Amino acid sequence: MKLSKLAERIEGALEGDGDWEITGIAGLDEAGDGDITFLTNPKFAAVLEKSPASAVVVGRKWTGSSPCPVVRVDNPDKAMALCATLLGPAIPAPEPGIHRTAVVSDDAQLGEGVCVGPHCVVESGAEIGARTVLMSGCHIGHDTEIGDDCAFDPHVIVRHRVKIGNRVVIHDGAVIGSDGFGNYRDGGRWHKIPQIGTVEIGDDVEIGANTTIDRARFGMTRIASGVKIDNLVQIGHNVQIGENAAMAALVGIAGSVVIEADAMLGGHAGVGDHLVIGRGAIVGGKSGIAKDVPPGDYVFGYPALPFRKFVANQRNVSRLPELKKRIAELERRLAELEKRE
Amino acid sequence: MKLSKLAERIEGALEGDGDWEITGIAGLDEAGDGDITFLTNPKFAAVLEKSPASAVVVGRKWTGSSPCPVVRVDNPDKAMALCATLLGPAIPAPEPGIHRTAVVSDDAQLGEGVCVGPHCVVESGAEIGARTVLMSGCHIGHDTEIGDDCAFDPHVIVRHRVKIGNRVVIHDGAVIGSDGFGNYRDGGRWHKIPQIGTVEIGDDVEIGANTTIDRARFGMTRIASGVKIDNLVQIGHNVQIGENAAMAALVGIAGSVVIEADAMLGGHAGVGDHLVIGRGAIVGGKSGIAKDVPPGDYVFGYPALPFRKFVANQRNVSRLPELKKRIAELERRLAELEKRE
Amino acid sequence: MKLSKLAERIEGALEGDGDWEITGIAGLDEAGDGDITFLTNPKFAAVLEKSPASAVVVGRKWTGSSPCPVVRVDNPDKAMALCATLLGPAIPAPEPGIHRTAVVSDDAQLGEGVCVGPHCVVESGAEIGARTVLMSGCHIGHDTEIGDDCAFDPHVIVRHRVKIGNRVVIHDGAVIGSDGFGNYRDGGRWHKIPQIGTVEIGDDVEIGANTTIDRARFGMTRIASGVKIDNLVQIGHNVQIGENAAMAALVGIAGSVVIEADAMLGGHAGVGDHLVIGRGAIVGGKSGIAKDVPPGDYVFGYPALPFRKFVANQRNVSRLPELKKRIAELERRLAELEKRE
């Protein structure tokens, strides 16, 4: 595709020669001749200067210099997503229909164009919306409802009585609706509390590989529309996650936590049970949350503190040897004075 | 079910009108008309006061006020488990027998009433006890022995020569008996140490979704009876876990650790290799254990300290700016005195 | 096998009676009559002194005393691996061929002696090298290339267009080539960035159970030869891992991180995006890496510091009460002096 045409497709303003043929798409580090690349973070501008890429997409206000033609756009990340769709390798469309090795209950309801891959299991009473794709080895439990245009990777497990919206993407090996961790102690032993609730997931949610989302003890574990969850994340029973919240890999959310809309949690962050992460709050990677986080706050550490306080603490601790010296010096001088009295 | 009858079934003392019809069970936050709910933690008493629930189960000694009839019991958590069984949705019983798509070795031994779900694999020499249920896609390795009345969710993997007791519950995608992480360095490279040991699991153990329990290098990784393990937990080779110990999600236990009976580990806690967590000890969430924890201790932090010490350290660090001010003030006053001499 | 012969096979120097019959292999804690055991760490010498083992393998320079015959070798870990192979239980060889329940595309290419287990799926255009074994339920995506002599445990998922070298071991439930976590924000919502890159894995790599390795946004996520990865590890998109690097369970590596050759990461360690862990560096368990780690450094903590600095900080913090006392004492003495003026 000619660069001029590509620039048009991504609604960008072209600066430079639009006749170049763009044949590929690559990150700044790896882009070569024929590739279009992206400067999404100004701190990598130095990499761009040495890049043999054939074109670069930048933000409208970027003021640096480029060795190749520039396409200015409102949102370089959005342009990247568009280019990946336009220039990426073709993905073979899954064949609609039920694979001969799949085991689908007679009373399951499958919408138009549904694809049920090899070795899938769809239990009694399950409903799957139009054009939803189950790759190989998925398990859909009884009476579970799944919306339209969902894409489930191989070995996704959605247990019984779960509700999932439209356009939900679930990656390989993720488990939705396994039992919550609920036990009571009696006679010196643990006994199981049946987990009779379920999970409700909105539209446009993405759930990472091998992530686990527990069903509620009673009622619902709720994941609102637009939530993005990375790999190997644990969501406990009765958790409520608000719209467009996002969390990175290996995050752990204990039971009955509320994460409000637009909140973000870094990798390995952990939240104790029954706490509230306020709307738009940011929890730094590896933070341990032991009390509510107010809306919009940026917290960090273990136990988590407002980011500035966390940084100040770290700096103060690293300067303790200096404080000790000042105290020793004071002691020396004071002893000197006392001697003179 | 009438409230009076339900109170009887859970061995509770009813205070208020027993004629109410109880049709459901719900958490304090969500209970509505017709529901029975539970006050298991006095700190949620304020929620109860505004609840439209039809009845509430409380502890014998609770002294607060309730807007609805009260059922007093010895152990509200136990009553909750009973009510969930009595009032929860009926779960379709799995059909006993071997699904036509399962691959079961001719010399595997299956007890009476065993259910082997679709796409399961049971290898040569495996033994499965009476009434044990394997849901879809489970893999049971050769010469593995599984007891009676176990329940394995979809895609549970139990590798070869593992021994599992009775009434063990294993959730979706958990892996029991994968190789331990054992390598030696020679000629500047890593080489694998064969992991020829196995795993032994007692009775009444529960293992969470996508959790991994490694087989021993030699001998046994041992999980004693009554142990409860949450989702996404890693148990290394040759670990020994004592009776009724419990650990939350994303915990990591390195090789050859001993966790004694009744110990509890919070989410994301990690224990270094060859260490001992003493009987009944509590390890706080996200703690990093780098030395043995004595029986009964409550430790927290990274590296973990006795809880009081951890809290005192945090407080002391947050007050460093104040210490610095006091030192500066001392320096000023001392300089003043020195000048006068 | 006679001890004298075993000593010969592991190229060891025997001290003591070589006529003992060695029938098993066991760890120091568990070794009994007939077993050979291993002293790989001198700190366990006391355990050896009370051991009923029939022989022990030690390093050439070890100077302690032993209650049983000793075999001296250059590398006791290497000898342990050899003995495990010689004395461990026989493992039934998987039968070559395609299991009748496997679903293999007509245009997939399978090398000589390949074993495709029950319920596996091999998609169009995939190539699998000679003698590679797929245990039950593996999924190999379209156009993926896998080398010779690989061993994939049950339920391994390798998505489309991935390249894997020779002698690669992948444990149960691991996912290679799932989508990276890439979203952009537009109109107050998250939108997915297609992940059109892939994963390239060298020779002799080992990948743990339920570990997830994401495909690149563009280009490649690269795992070089000899890398060893434990269970439940997350490797983000576009990560580059150098030869013979190793990482323990529950480690999380964010996108575009570079881990150079021979680096080692302890359990639960986390590395922020775009950072570099230098050649041979060691990252302690549970550390959080927020800036580059120079080659050969040993860092620890959150945020990570050079190990000595980390330890000094911990010690200084724990001594804060003492500092406070010294300040209070200075204040008292100074006030005394001031009064006298």
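So that you can tell them apart, the chains are marked A, B and C in the order they are listed, and the count of residues begins at 1 in each.
We adopt the following convention: a contact is a pair of C-beta atoms (placed from the backbone, for glycine too) under 8 Å apart; a residue touches a chain by one contact, two chains touch by 3 or more.
Owing to the predicted nature of the structure, the values given are computational and were not obtained by experimental measurement.
Taken as a contact graph, with one node per protein chain and an edge wherever two chains touch, the assembly is complete, since every chain touches every other chain.
Here subunit A and subunit C face each other with different sets of residues for the most part; under half of the interface numbers are shared between them.
Rotation angle for the C-alpha superposition of subunit A on subunit B: 120 degrees, rounded in steps of 5. Centre-to-centre, using mean CA coordinates, subunit A is 25 Å away from subunit C.
The multi-chain contact residues of subunit B, meaning those touching 2 or more other chains, are 101, 119, 137, 155, 173, 210, 232, 250, 268, 302, 317, 320, 323, 327, 330, 334, 337. By the touch criterion stated above, subunit C contacts subunit A in their complex at residues 101, 103, 119, 121, 124, 137, 139, 142, 155, 157, 159-161, 173, 175, 178-179, 181, 183-186, 188-196, 210, 212, 214, 216-219, 232, 234, 236, 238, 250, 252, 254, 256, 268, 270, 272, 288, 302-303, 305, 309, 312-313, 316-317, 320, 323, 326-327, 330, 333-334, 337, 340.
By the touch rule above, subunit C contacts subunit B in their complex via residues 25-27, 29-30, 75, 77-78, 80-81, 84-85, 88-89, 91-92, 99, 101, 117-119, 135-137, 153-155, 169, 171-173, 204, 206, 208-210, 226, 228, 230-232, 244, 246, 248-250, 267-268, 285-286, 301-302, 314, 317-318, 320-321, 323-324, 327, 330-331, 334, 337-338, 341.
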